[in-house]
């Protein structure tokens, strides 16, 4: 996983004696993680993947989150995102420097948002009002990764003109994130209207045969429109990460 | 289940001596079925429910089907419908009087179709070409029960204008049958456009996460549009039976 | 989706100069929704589908519900139904004008119920006592949409004479809603007795292999009686919407 | 598992020297099975459980079946039942002494059926014609175990009078086996009519949401009537084994 | 469902004029249920099925339970069983005459238990300690129906000698109820040891792949031993009802 | 869906009298589909979405496919792709002009492939040899849409060095399509190595608990790496459509 | 299950008259369990299987646990492990002699841990921080059974270098326990790196399509690497028991 | 993954000039696989994991298999195992040097079996005759990896004495593989009898609620006995690989 150039440079330094064998050995094996006991923090994510590691707040104590935040700040990462963060944990972390909390999205941010630098806009549409928390997780994550975000909320297919009247917004998107529960038909319909990639996020909104998002998930995977990528139920974060990568695609020879 | 008037008449005949106690007892218990050993044919379905019994051809031998057909004809039913009839079995039954077979729908008919006498048209829409066999089972069943049928095939939501350009047909329907596999979004979208009842038929068209019609079934049950009744996967017959009942609703005081 | 006549009139007005091109453009694109940020209220549902939009209370805050109610009242809709409304939220909305709350059905109504104007009665039957909340959601929704409602509660098939003794009521129905959990056999048995459409509502009543309504749902979909349309688990509202449409079917040439 | 009396007798024989220690040891450990390599035939089933071992024909070659039959005949069992036996395998076994094959039930019998010696009749009812193969497996198994069998075929709940007109037969049963696919409501309805035990056999008859017998299975397990025991899908053999045990219950102090 | 003799007597009374036509009509249609609005109490269960109706306490308010109890007492039923009764509801019903509550089984009884009158003993075995509440529901129900009960608790197959050392008890049973969660192997093993019917009750004990009793349910249905009837997950009541019917089987000609 | 400019031009033509009201009305409603009875061919897909419609060959007869091909060619589409095309159907279509068939991918092409015009390469990796047919469907679809394709086959995670030695190829991709059955871990591992979007295609390769692709599907949806979009099981076509859109993303202001 | 030598000795004692027939009979049948009513404690587990019985704390009251502990101590077992022990129950048991409680693992221990005596180290790796409670249950159980434990926590495959940098530890293990939720890919990747047995523990960590551990479970069962044994979801105890047996394997001729 | 010593030697060679930078770079990146286009053969599996790579025959053509065999033979691997090999493919490969085919196990072997060198015996038990093909796949795989194998076939728990009479064999095993379909109780019962590790293999034997091995799989995962590791349904190969690793465990400091 060492990049080729770095590796060549190191080998040449060994050859020239600038770097001893033991040092080279140790660099080839040196820790690229911060070991906290309960967490092994990935310190080269940004170098490797162009994005900082994001902290998944569920299943971690506030103390564990604080420890990871501190380790990352010590290694030079000033902006930090914590997802799936309950209000109680957010309260316990409120004294972190430059910390803000969005309760609907259950997202905490340290260090604010960067200016957008993507190719265009990430449009986030929801089928209903109840899907908004998932959409907001996506919106804040996309903003954190440097994307301009436009919101189209409560435009489900049961009242199709709501969606059709937003056709201009949809057709100008770089990527559309379609967030819907129940039968998840929003993804299919949008998938048939636009020429950009569509990311479908099934939500756990609904009851009975919606089976906690399963109906929407299966529907989105089986959508008759092509060009749709599906993420996990309620996974606004994952959708936005994928959207950001798409919105930052660069030409390569 | 005896109708009140019949029962009263019988009791009065017992009182007046026109009918003996034993005869009355036997009439109150008399068979209203034809017992064929392998089948107990319901001979009062039409009196009780306004529709003749229909023969479900799957899982029956041609000989069994022929026996049931004959029993029903002997009891005065001249028109007969056999569903889920394979070409091989249809071949074996081809000498039945006035028999015709529709291979795509896998439906056999004895005695032809009646003139339509419903309140309006039953519109049958499909999401794709592969859904047509199920739609045709519905179309022929609806015609058998005396309904005018209009077909809108291959109007799935991935190309929404196909459906929207048929808006007049949809809005003039007495009832719409929406037949779709994959994610089944057709039912939701039609459900949001019309004011008549919508019957949704999930089909087993699709693969992978469509799970043999499960995705469409769950999606149709979870549809964000209301006023939709769902039938079993691939059950064109059941959908048409329900549609026919709706299309023959009468005013009662 | 514009109705033909309206569209023709608009085009003629453009031709005659009564309406400018920009105005026509704007009307063809004008919002037919009220945009509340968290909700895009469908203001032409009644024109398009003959029924007012109903507010699904689950997953919305009382403030959001109040906002939607106000938007709809401002656009001339005086009667309003809110389903899946918890007692706590109902409490918070108690000061809405002419508001009433039915706790068993978890339904709130503004503006009372209209006089029935359907073709006949909607009969609502339940398998047991525990199914009554779902049945009441259906009953109040049907009444809200202008239907006469008759209730047959706790007539499950384990004591068949309870159901058979109500045969007259069943046979006079325009449509029957069969509400049952556990194995959901009520729908099959009623489906074999009546000549009108039957709407089956599986409920989450039961335990173990009932799997929260799944057994009833699969059973109702697989019912050996035909002419049955199934709605989602516990979806009394959807059943009543479909029943009302059936009960308001009109003859079309 | 040694019966107490046998064990005491053996120990006393050891004490008195009639049996040596080594012989006793060997008897306490002696094989009670016939070891065929591919099968370990249980030779004391009848002593232990009052029924001979039955051969499950699926997944065994005709040669293996023949070998097991011979081993059992050599150990004194003259009557033998082979279930799930395909016509091809039956053909290959046709030269076994006193062998007969019932193709609908897919059951082979060596040595014929005994006279019935149970407490009363085992009544076997099916919902439809397609359920008959499973019912016949049950009927022949019950006869093999010494039970009088009565058949009530195609009496499903969609035409309830078919079932009600057989009320006398049902009420005289020692045990009823209800065989039904689709939604399996037959078990519930019979369970509410009789006072004897009911054994429910879901069948794989049906399609779509019947999911190969799953709908019937879940429905029968969730039946609102009590006193019903369910066996595996299509398991006519298991139902008849249980029925026979019930029909041979003896009073104990 | 009227018994033949009653019907003949009524018809003769009509003939002789002792009973008027209208009275006969009304008797043939008279209510055999007590209608409480929220419940339709089955008053002829005992005549029809030999067992009193039992009240399922879950999903009913204490007031509803009290109302049903009173209706049944007024119609002459002095002993009453209420299952799935929470401690809170039991507290609210504590003033019912002769009422006792068993908290582990969550069962309430009015009027005490009868003397056993069955053919032999109902043996109830559990795999572990956590299965005891379900077993106790079965034990009290069996006692309520007039059966002698023997308990074998915590004899799961992981320590096989625990079960084998109870072989005498098992082999003297009229019927064995095997109550087990996790993989439910107890039913298979007991099914291979005894000659009486075995009723298997899967419990929701376990975690993960036990899936709330599903693993035990599927295992018991697929048991390699025959002669086993399965009831719903945690359904001690249903198992005991079936066991009681088996234990009260009578010889019929 | 009319684009704004077109609509404005039309309205101005109406105003100026160049276009009559009836003509305008008809244009606003004119068919944008070719109606073949069994198919409603979408003729403006390319205009609307930048890609020609692709023909899904499963569930269509060769005659239907030929009809659709001809309709599309008549409307000016010269390049055509048919997926899920069995060898038998391909044989029957072999006389179509400029037709080629790839049997492993089960894909037919009319008119050849265009020169690549995307931003970079679409890299397609498979876990094993058995996944290659799905990967080839993706590869040919991507080529059809104008993408350069690189293949990395049989680089599953059980031999991690196979994947790691291809790190350069992976890191130069515009988008990676990870095709894997069994547990689908390939997507997670690639997702942690690259900075471009990853599209995961679960395949039905595997047996038992792989459940026809379900294990891979659930695993890919739950992947601990972010930035992964999942498509349906075995859906190489859908993955390539999405990849092509990503690879053709353009900067918008 | 009596060992051969003991049995021979007993028989010889009978022969010689040292032991009477009745005594021998009673010894052959004597209880090897302590019967507590709610529990049948297995007192020869250690003799039979080399491990003491462990108490599963869920579903047992503190009083029941105390009773079992006392019974085992009375029969000479001084070290005791209680798993799935909630903090509340641990509090209630705090006065047991030499009792300690590990809240993260939810494990209580009486009598401390023995010195390790296995062949090598049991290495326990987790995919993330949230998997640690399950891993700690495994770690303490392994220690209780006399194994040296090494922990590798939060080394999931999304950051592969975290795992690769621990290659030495992995390759020196006697057995590795891989604990992971979400897609469970950790087991596959480790399974491809080491030469010792790998035990995979799926955890319920994750959401949506992780379905409470199902995705990880199916993935681990379908892993493309061989040599992996899977235990139940969250079953750290079972994994450690298996690991300990592996780590104590002895050479046999 | 480079071993430390190799890496140090290489770096020293670079320093001393024995190896040029470019050569070192290339060695650090050199292929350790044979690239066949359709397969990337892992050539260092044996070095890394102590076992040769085994060829999974399903989903590969005979030509592909032959190609892989040849590549492995060229790299010095003389013994080869091919699993899931159909008789037709085996026929096509019959001319490979020293090739033998076991049709029941569907396994092909090149180069014969080595002498056993494990710690003891691998005992393979099956519940029934139909499980033998899976057991034989395990037996031949275990032999291929150098293990002594003992077979106990058809010892299912429905006739418990069959299993108990083999207690000596079980208790002398180094590891037991329990192969069973239906409810899979064999694993639980064996798990309670032995002190060595138990590997459970669910098979797809059974029907209905066995759901193709799901019942056995869930049962084995939920087994009340501890110390059991489960592999995929019908995965005899995987079980034997794990068993062989256990049977070759070595003491480490």
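Odds and ends about this structure:
First chain written, first letter: the chains are A, B, C, D, E, F, G and H, and each begins at residue 1.
The definition used in the following text is that a contact is a pair of C-beta atoms (placed from the backbone, for glycine too) under 8 Å apart; a residue touches a chain by one contact, two chains touch by 3 or more.
All figures in this text were calculated on a predicted structure; none of them were measured in a lab.
Under the contact definition, chain C and chain F share the contacting chains A, B.
Relative to chain G, the most remote chain by averaged C-alpha coordinates is B.
Overlaying the C-alpha trace of chain B on that of chain C calls for a turn of 180°, given as a multiple of 5.
Note on chain placement: the centre of chain B and the centre of chain G lie 58 Å apart, centres being C-alpha means. Rounded to whole angstrom, the centroid-to-centroid distance between chain A and chain G, based on C-alpha atoms, equals 38 Å.
If you average the Cα atoms of chain C and of chain G, the two centres end up 54 Å apart. The set of chain G residues touching two or more other chains comprises 1, 4, 128, 158-160, 192-193, 208-210, 217, 221-222, 226, 232-233. Those chain pairs judged to touch are A-B, A-C, A-F, A-G, A-H, B-C, B-D, B-E, B-F, C-D, C-E, C-F, D-E, D-G, D-H, E-G, E-H, F-G, F-H, G-H.
Contact residues on chain F toward chain H in their complex (touch as defined above): 128-130, 132, 153-155, 158-162, 165, 205, 207-210. Note for the complex: chain C touches chain A at residues 1, 29, 31-33, 37-40, 42, 44-45, 53, 56, 58-60, 64, 202, 204, 212-213, 217, 232-235.
Residues 1, 4, 48-51, 54, 119-121, 164, 167-168, 172, 174-175, 192-197, 199, 217, 221-222, 226-233, 237-238, 241-242, 244-247, 249-253 of chain E are the ones touching chain D in the complex.
On the chain A side of its complex with chain H, the touching residues are 4, 7-8, 11-12, 14-15, 17, 21, 24-25, 28.
Of all the residues in chain E, the ones that touch chain H in their complex are 127-128, 156-160, 181-185, 188-189, 191-193, 206, 208-211, 214-226.
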